[in-house]
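Have a look at these structures, which come just after this line.
In the two complexes that follow, chain A is the common piece, with chain B as its partner first and chain C second.
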Partner chain A sequence: MLEIKELNVSYNGTQVLKNVNLKLEKGQFLSIIGESGAGKTTLGLSIMGLVEGSCSGAMLFNGRDLLSMCEDERRRLRGSKLAMVFQNVENTLHPLYTIREQIMEAVLVHGADDKRKALAKVSEILALVKIDGDRAARYPHQLSGGERQRALIAMALVNDPEVLILDEPTASLDAFTKNEIIQLLNEIAGDKVTLLITHDLAVAAQLSNQMAVLYGGRIIETGPSEKLLANPRHPYTRGLLRSYPGMDTTKDLQGIPGKMAHNVTGCPFHPRCTQRINICAQEAPELVDNGRGMIACHRGGIIPLLEVKKLSKTFGYYKAVDDVQLTLYEGETLALVGESGSGKTTLAKTVLGLLRADAGAIFYELEKVSAGDAKFRRQVQMIFQNPRESISHRMNVFQAVKEPLDIHRLGSEEEKLALVREALEDVELPSDDNFLNKYPHHLSGGENQRVSIARALVMKPRVLVADEPTSALDASVQAKIIKLLLNLQERKGLAILLITHDLALARKASDRIAVMLAGRIVEEGPTGRVLAVPRHTFTKSLLQNSRVGQLCPG
Partner chain B sequence: MHINILKEVKSDYMGRTGLTILLSLLALALLAPLLTHYRPEDYTGLIFQPPSARHWLGTNDVGQDVWTQLLYGARNSLLTGGGAAVLAVLFSLLTGGSAALLGGMYDRVLMRLVDAMLVIPPVIVVILTAAYLKPNLLLLIVIISVFLWPAGARMVRAQTLALKESMHVMAARSFGGGRTYVLKRHLAPEMGPVLTAIIIQFARRSVFMEAGVSFLGISDPSLVSWGKMMQDALQFTYLDVWKWWLLPPGFALSLTIIGFTFTGTALETVMNPRLRKEVHHAGD
Partner chain C sequence: MKGPTTVINYLIALVLILSLNFILPRLMPGDPLQAIYGDEAIIAMTPELKAELVARFALDQSTGRQFWAYISSLLRGDLGYSYFYNAPVLAVIFGSLPWTVLLVGLAIIISTLIGVVLGIESGYRRGRPLDRALLGVLMFASGFPDFFAGILLLLFFGVVLGLAPLAGATTPYAGCGGLTFLTDLFKHLALPLTSLAMVRIASPFLLTRNAMVISLGEPFILTARAKGCPDKVIRYRHAGKNSLLPVVTATGMQLPHMVSGALFIEIVFSYPGMGSLLYNALLTRDYPLLQGILLVLTITVLSVNLLVDIVYTRLDPRIAYAY
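Up next, the complex of A and B:
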C-alpha cells in the first residue's frame, strides 16, 4: 500500500536518508528504531511531504507516486489519508484554541461543510481516545501530558487515515500514562499502515510486529520484532539493545563506541564497528535477505568467531567433555556455568589446544583450527584461574607481559616495551619502570590478575577465554576486573568465554549462558531468558541454590 | 617464591657451617703440595713414627707420612664425590626429564628400570666389577654414578611433571609457546634448586661409597684413600698407631659427610616451604 523506493533526502548537501526502501501493507505495524540523528523523523516527515530538504526516489501510495504530486494534491492527502502524530507534545498544540477546536480544524480543512456532522465526528474520536467532553473544552496548558498526547492522536485519527505515523508518541510520559497510550495505539492501529518512530525499544517491542533499524540514514536491519530483539544480527542493533535498560536486562549496560556521523563513505556504521574489514570503509553494503530478515552488513551480521563442534575429551573412561557444541560470536560474552568438575576448565583447555581433543573440531573465523595455527594462538588468549601461579615467579611484570610477544617474535624491544605499557594502561595498572620491575610476589592478587589480563591483551586478541578470572579476588577487585573486560568488549569487540560457577556474576557479565553438566551442555540461551525461565532441571536447581543468601531478603 | 638460594643458605647457621667445612676441605685438598714436603707414595724409611715436627701425624707401617696421605686422600675423596655426583645428576636429568616430557611407554619402561636399579645392592656389584675389571678412579666414578642416578631421575621426573602442569607453563603454551621455548624459559630455570639439592646428596653418598669400597680393598690399590688408610691402620690396632693413623681419616671422612649433610639440610630448609622459618623475598 505504501512503498518507498530508493528514497534519498538531503538538507543543504548533507544526505540524511540514503537509499531507503520500505514496503508496507495494510495492518502492518513497523517501528523505526535508531539513535537520535539517524534520520527517523526525516523519514516520517518525507512521507508526509513536510520535509524541507530535497527528496529523490519514489514513494508509491496506493500506486501513485507522492513525490511527483503537486503541493495541492499532497495537501489534500495530508491529514486525511496520511496522518502524523508529532513529537514534542508541548509545541504542536496551539495554546489559544481548545482541544476540541483544534481537532475540529483537522476535519474542516478537509472539506467537511456540515459543522454538526463534524462535531459528531470529533465527539466520536474523543470517546475513542477517552477524553471526555469537559476536558476537550479546555486549552492545552490546562491538560496533563497524557491528555495532550491523546488529543494529538485524536487529531491524527479524526479523518480515519490509511497511514499513521507516530513520532515518539510516548517520550516524556510516565509509566502509567505510557501504558495507557500504548493500549490506545494498539486498539486504533487495526488495519492501518502504522509507522512508529522511537528510540524506546520496549515500546517498539510492545507495539510493532516489524522493526527496521535506521543508522546514518540507511536501513541496516529489518525483521520481525521478536526475532530482531531476541537475536540481533547487526552489531549496531546489538549495541542499541545493550545500551537500553529494559526491565529484563541482566547484563551491565554497554554503549557503542564513538558517535554517529553523516557523510561517511562505505558502511555508515564502520567507524564504530568492532568487526569492520577493509571493504566496510569503501562500499556501503546492500540490504539483503539472509533468510531471517534483511541485513546490510559486509560480514553478514555479527560473525561467529569461535565455534566448537562436537568436541569430546576423555581421561581414561571418564568423559570430561562430551560432544560439546558452542558458538561464540564477535563482541559477546558467553558464560559457561556449572558445578566444579563438570568439565568447564577441561573444555577451555581443549579449545585452546592445551589438551588434545579426542573428537570434534574448533573453527576460528569459520576456518578449522589446526595444531600450530599462529593466527589462532595470537587472537585467542586465556586468563587462568589463579593469577599468582599463572605468572612465573622468575619473571617480572615486564617480562611476563612481554612473553607472548617474545614467543611470536613481534616487534623490536622498544616496540615491545610500548605495547607492554599500553596493555598495562588498558588494565589500569601503572606502566612506569618501577612497576615493570616488580615480581609477582610484590603484587596483590588483584594486581597479579590484571597483569595476567594485560599479558593476554598485549596480543590484541579477539577472543578471551577467562577461567574463573575473579574467583580468587574480593568483590571490589572483581567488579573492577569485570568492568574492565566489558569495557574492552565495548571498545574493541572482544568476545569472552567466561567460565564461572557464579551465576550472579554470569548474570551481570554475559549475553548468553551455556549450562554444563557432566561434560555436556544441557541448556543454552540468552542470559535473561535462562535465568527467568530455566528449562533444564539442573539449571533450575543451580538457580535455586544460587538464590540462597540474597542481599535484600523479603 | 623467588629465592636467592646461595644467600639464603649462607644466612642459615647450619648452611654456613656446612659450606665452611666443605670449602676448607677443598682448600686443603687443592693446596696439598704446599702443606707438606712429601709425596704420598714417598717412603721416609721410618715406620710407626708418632707425630713430630717432621711428620705431623707420624708415619705408617711402610714409613709414609700420614698427614700427606690424609691431604692427598681428600683430593681423591672429593674428586670421586664431585665427579660421580655430576655424572649421576646429568644422567638423572636426561632420563628423568625426558621421561616426564615424552611420557607414554618410554616413561613407563624407564621408571620400572629405575625401580629395578634401586633394589640392587651396590657393594656386591662393585665387588663383582672389581673382580673382572682392573679398578681405577674413573671406573669407580662411573660405577658409583650408575648406582646414584635412579634416585635422582625420580626426583627430576616428579619435579618436571609438576612444572609441566603448572599454570605458568599452561599460560606460555596458550600463547603458542612450543616445546623448546617452554623447556628453555620455564622448565630449565626452575630445575636449578632441585638439581643443586640432588648434587649435594649425591656427593655425600659417593664420598661415603668410595670410602667404603676402598675400605673393603676393592678399589685401585695405588690410590691414596681415607678408606684404605683406615683399613690399613685397623691391622695394627695392637700398636699405639691408631691414634694418629686411624683417627684422622675417620674424622676427615665424618667431617666431609657432615659438611655435605649440613649444606643439604640448609638447602632443603630454604626450598621446602614447610621447613622455611620466614619468607625472605628477593629485593627485601
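Up next, the complex of A and C:
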C-alpha cells in the first residue's frame, strides 16, 4: 500500500536519509526508532511531502508515486489520505483558534460542502478521542498536554486517513496520560498503515508489530518488535536498548560511545562500533535478510566471540561439566550462575584450556580453538576469585602486570612500560613508579583485584572470563570494580563471562544469564526475562533463595 | 476581557490628565485669569466680566472647590469660551474634529491595511525579488517627513497637473449634496491622506513581515500544512492572524504620532482640522482653546488604547488570562 524505494533526502548538502526502503501493508504498525538526528522525523515529513530538502527515489502510495505528483495533488492527499500527528510541543496547535475550529478546518479544506455533515464528523471524532464538547470549544492554552495531544490525534483522524504517521505522540506526557494515549492509538490503528516515530522504546514495544532502527539516515535493522527488542542483532540496536531505562531493565544503564555524525563514509555506525573491521569504514553495508528481519552490518550483526559446543569434563566418574553449549557475544555480559560445585569454575578453566576437555569444542571468532592457540590466549583473559592467590607475592605490580606481555613477547621494554601504565590507568590505579614497585602485601584487597584486572587488560583482550571477581571484596569496592568492567565493556566492547553465585550481582551486571546445575546449563535467556519469569524449577528455587538479598523485605 | 481592572486603570489615567490640565494654568506666574484666558481677554476685561469669571472658576474659593468647579463644568460639556473665535471652545473643536477624524482615521486604516497585506506577502516570500522590492520602496517612502511628501504631492498633482484642489476640505460655497459632495470631499482628501498614509505604511509592513517570518517557523504552520491547508489559507488564516498581534499594538501607539503628523499636513493643505485649529490657537495664544484641544486629544488617545486592548483580547484569547 505504501512502498518507499531508495529514498534519499538531503538538506543543503547533508544527506539526511540514505537509500531507505520500506514496504507497508494495511494493518501494519511500524515503529521507527533511533536517536534524535537519525532522520526519523524527516522520513515522516517526506512521506507527507512536507520536507524542505530535496528527495529522490520513489514513494508508491496505492501504486502511484508521491514524489512525481504536483504540489496541489499532494496537498489534497495531506490530511485526507496521509495524516501526521506531531509531538505536542508549545504551539503545535494554533494558539488563536479553538480546538473545534482547528479540527473543523481539517475537514473543510478537503472540500466538505455540507457544513452540517462536517460538524457531525468533528463531533464523532471528538467522542472517539474522548474530548467533550465543552473542552473542544476552548483554546489550546486552556487544555492539558494530554488533551492537546488528543486534539492533534483527532485532527489527523478526522478524514479517516489510510496512512497515519505519529511523531513522538507520547513524549513529555506523564505515565497516566501516556497510557491513555497508547490505548487510544491502539484502538484507532485498525487497518491503517501506521508509522510511529519515537525514541521511546517502551511505547514502540507496546504499539507496533514491526520495528525499524534508523541510524545516520539509514535503516540498519528491521524485524518483528518482540524479537528485535528481546534479541537485538545490530550493535547499535543493542546500544539503544541498553541506554533505555525500561521498567524491566535490570542491567545498569550503558550508553553508546561517541555521537552520531552525518556524511560518514562506510557504515554510518562504524566510528562508534566496537566490533568494526576494515571494510566497515569503506563500504556501507546492504540491508540483508537474516532470517527473521533485515540487518545492515558487515559482520552480520553482533558476532558470537566465544562459542562452547557440547563441552564435557569428567573427573573420574564425576561429570563436572556435562555437554554444555554456550555462546558469548561481542560486548555482552553472560552471567553463569549456580550453586558451588555446579561446575562453573571447571567450565571456565576448560574453556580457557587450563583443563583439557573430554569432549566438545571451543570456537573463537567462529574458528575452532586448538591447543596453544596464541591469538585465543592473548584475547581471552581470566580474572580469578582471589587476587592474593592469583598474583605471585614475589612480583611487584609492574612485574605482575607485565608478565603476560613477556610471555607473549609483545613489544620492547619501553612499550611494555607504557602498556602497563595504560592498563593501570584503565583500572583507575596510580601508574607512578612508586606504585609500580609495590608488592601485593602492600596493597588492599580491592587494589590487588584491580592489579589482576590490569594484568588481564594489558593484553587488550576481547573476552574476559571473570570467576567470582568480587566475592572477596567489600560492597563499595565491588561496586567500583563492576562499574569499571561495565565501562570497559561500553567503551571497548569487552565480552565478559561472569561466573558468580550472587544473583543480585548478575542481575545488575549481565545481559544474559545461564543457570548451571550439576554440570549442565538448565536455563538460559535475557537477564530480565529469566529473573522475572524463570522457567526451570532450579532457577525458581535459586530465585526463591536469593530473596534474602532484598534490602526491604516486604 | 481583563474586566474592571483595565477600566479602573484608564479612569486613573483620565483623572491624572484632568488634574494636570487643571493645575498647569494655576501654576503659571501672575493672574490665573490671565493664564486661563490669555492676554487678549485681559485687554477686553471689564469688572463685570472679571467678577463673572472669578465666580465661574471659583477662584475666590479653596483649591478643592476650584477643582470641583472645573470638573463639573467639564461634565456639563463646558470647556470654556474662546475669545478669538467668540464661541464656546467645544463648539469650535467640534467644527474641526470631524475633518481630522476623517483624515487620521482613514490614514491609519489605509496605511495599516496596506502595510499588513504587503507584510504578509513579503514575509511569505522572504528573500525573493518581491520581498526585496517592497522592502526597498517602503523604506524609501518612510524616509520622507510627511509634510515634505505632502508638499511634493501638492506641487506635482495640484500645481503641475492640476488634478487636485490646492486647499480646503470642500469647495467653498459649492452647496452641492449627495454624490457630487462625496467626490468633492474625496478630491480634497486624496492628497493629504496619501501623504499621511504613504510614509506610515513601512511601520506596520515591517512589523507584519517580521512577525510573519517568525510565525512561519512555528510548529502550528507544519500542523496546518499537514492538514492539507492550501498556501493562501496558511498565509492569512494561520501565519497572518498570528502576525497581526504586534501590529494592533503598534497601530494604537501610532495614533499620537499620526495626530502630530496631521498637524503639519493640515497646515500644508490648509485642511480645516484640529491641526490647523491648534496651529491658529498657538499663534493667537487662545489658551482656553489650546487646553480644550489637548484634553480632547488625550481622551481620544486613551479611548483608542482601550479599544486596542479590547481588540487584542478578541484576537488573542491568551491575553485574557495573562496579566
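Basically, the second predicted complex is superposed on the first by the 551 of 554 C-alpha atoms of A that agree within 3 Å, B and C clash if a C-alpha of one lies under 4 Å from a C-alpha of the other, contacts with A are read in each partner's own complex, and residues count from 1 in each chain.
Throughout what follows, a residue touches a chain if its C-beta (ideal position, glycine included) is under 8 Å from a C-beta of that chain, and two chains touch if they have at least 3 such contacts.
As the structure is a prediction and not an experimental result, all values here were calculated from the model.
Peer 1: Looking at the combined model built on chain A, do chain B and chain C fit side by side or clash?
Peer 2: By the criteria stated at the top, chain C and chain B fit after superposition, with no clash.
Peer 1: According to the stated criteria, A:Ile391 is in contact with first (chain B), second (chain C), both, or neither; which is it?
Peer 2: A:Ile391 sits against chain B, while chain C stays out of touch.
Peer 1: Pick one for A:Phe86: touches chain B only (first), chain C only (second), both, or neither.
Peer 2: The answer is second: A:Phe86 touches chain C but not chain B.
Peer 1: Taking the C-alpha centre of chain A as the vertex, compute the angle to the C-alpha centres of chain B and chain C, in steps of 10 degrees.
Peer 2: Computed angle, apex chain A: 140 degrees.
Peer 1: After the superposition on A, what does A:Asn21 contact: first (chain B), second (chain C), both or neither?
Peer 2: In the superposition, A:Asn21 touches no partner, neither chain B nor chain C.
Peer 1: Now for A:Glu105: first (chain B), second (chain C), both, or neither, which partner does it touch?
Peer 2: Second partner only, chain C.
Peer 1: Just chain B (first), just chain C (second), both, or neither: which does A:Asn487 touch?
Peer 2: Neither chain B nor chain C is touched by A:Asn487.
Peer 1: Classify the contacts of A:Thr327 with the two partner chains as first (chain B alone), second (chain C alone), both, or neither.
Peer 2: Neither chain B nor chain C is touched by A:Thr327.
Peer 1: Just chain B (first), just chain C (second), both, or neither: which does A:Arg75 touch?
Peer 2: second
Peer 1: Once superposed, minimum distance in angstrom between C-alpha atoms of chain B and those of chain C?
Peer 2: Here the least C-alpha separation of chain B and chain C stands at 61 Å.
Peer 1: Spell out the part of chain B that touches chain A in their complex, as residue ranges.
Peer 2: Listed in rising order, the residues are 1-2, 166-168, 170-177, 181, 185-186, 189-190, 281-283.
Peer 1: Residue numbers of chain A touching chain C in their complex, please.
Peer 2: 48, 50, 75-80, 83-84, 86, 89-96, 105-106, 109-110, 139, 141-142, 152, 155-156
Peer 1: Provide the residue numbers of chain A that touch chain B in the complex, in ascending order.
Peer 2: Per the touch definition, chain A meets chain B at residues 349, 352, 354, 374, 377-378, 381-382, 384-386, 389-394, 403-404, 407-408, 439-442, 452, 455, 459.
Peer 1: Show which residues of chain C lie in contact with chain A when the two form their complex.
Peer 2: Those residues of chain C that touch chain A are 218-220, 222-230, 233, 237-238, 241-242, 315-318, 321.
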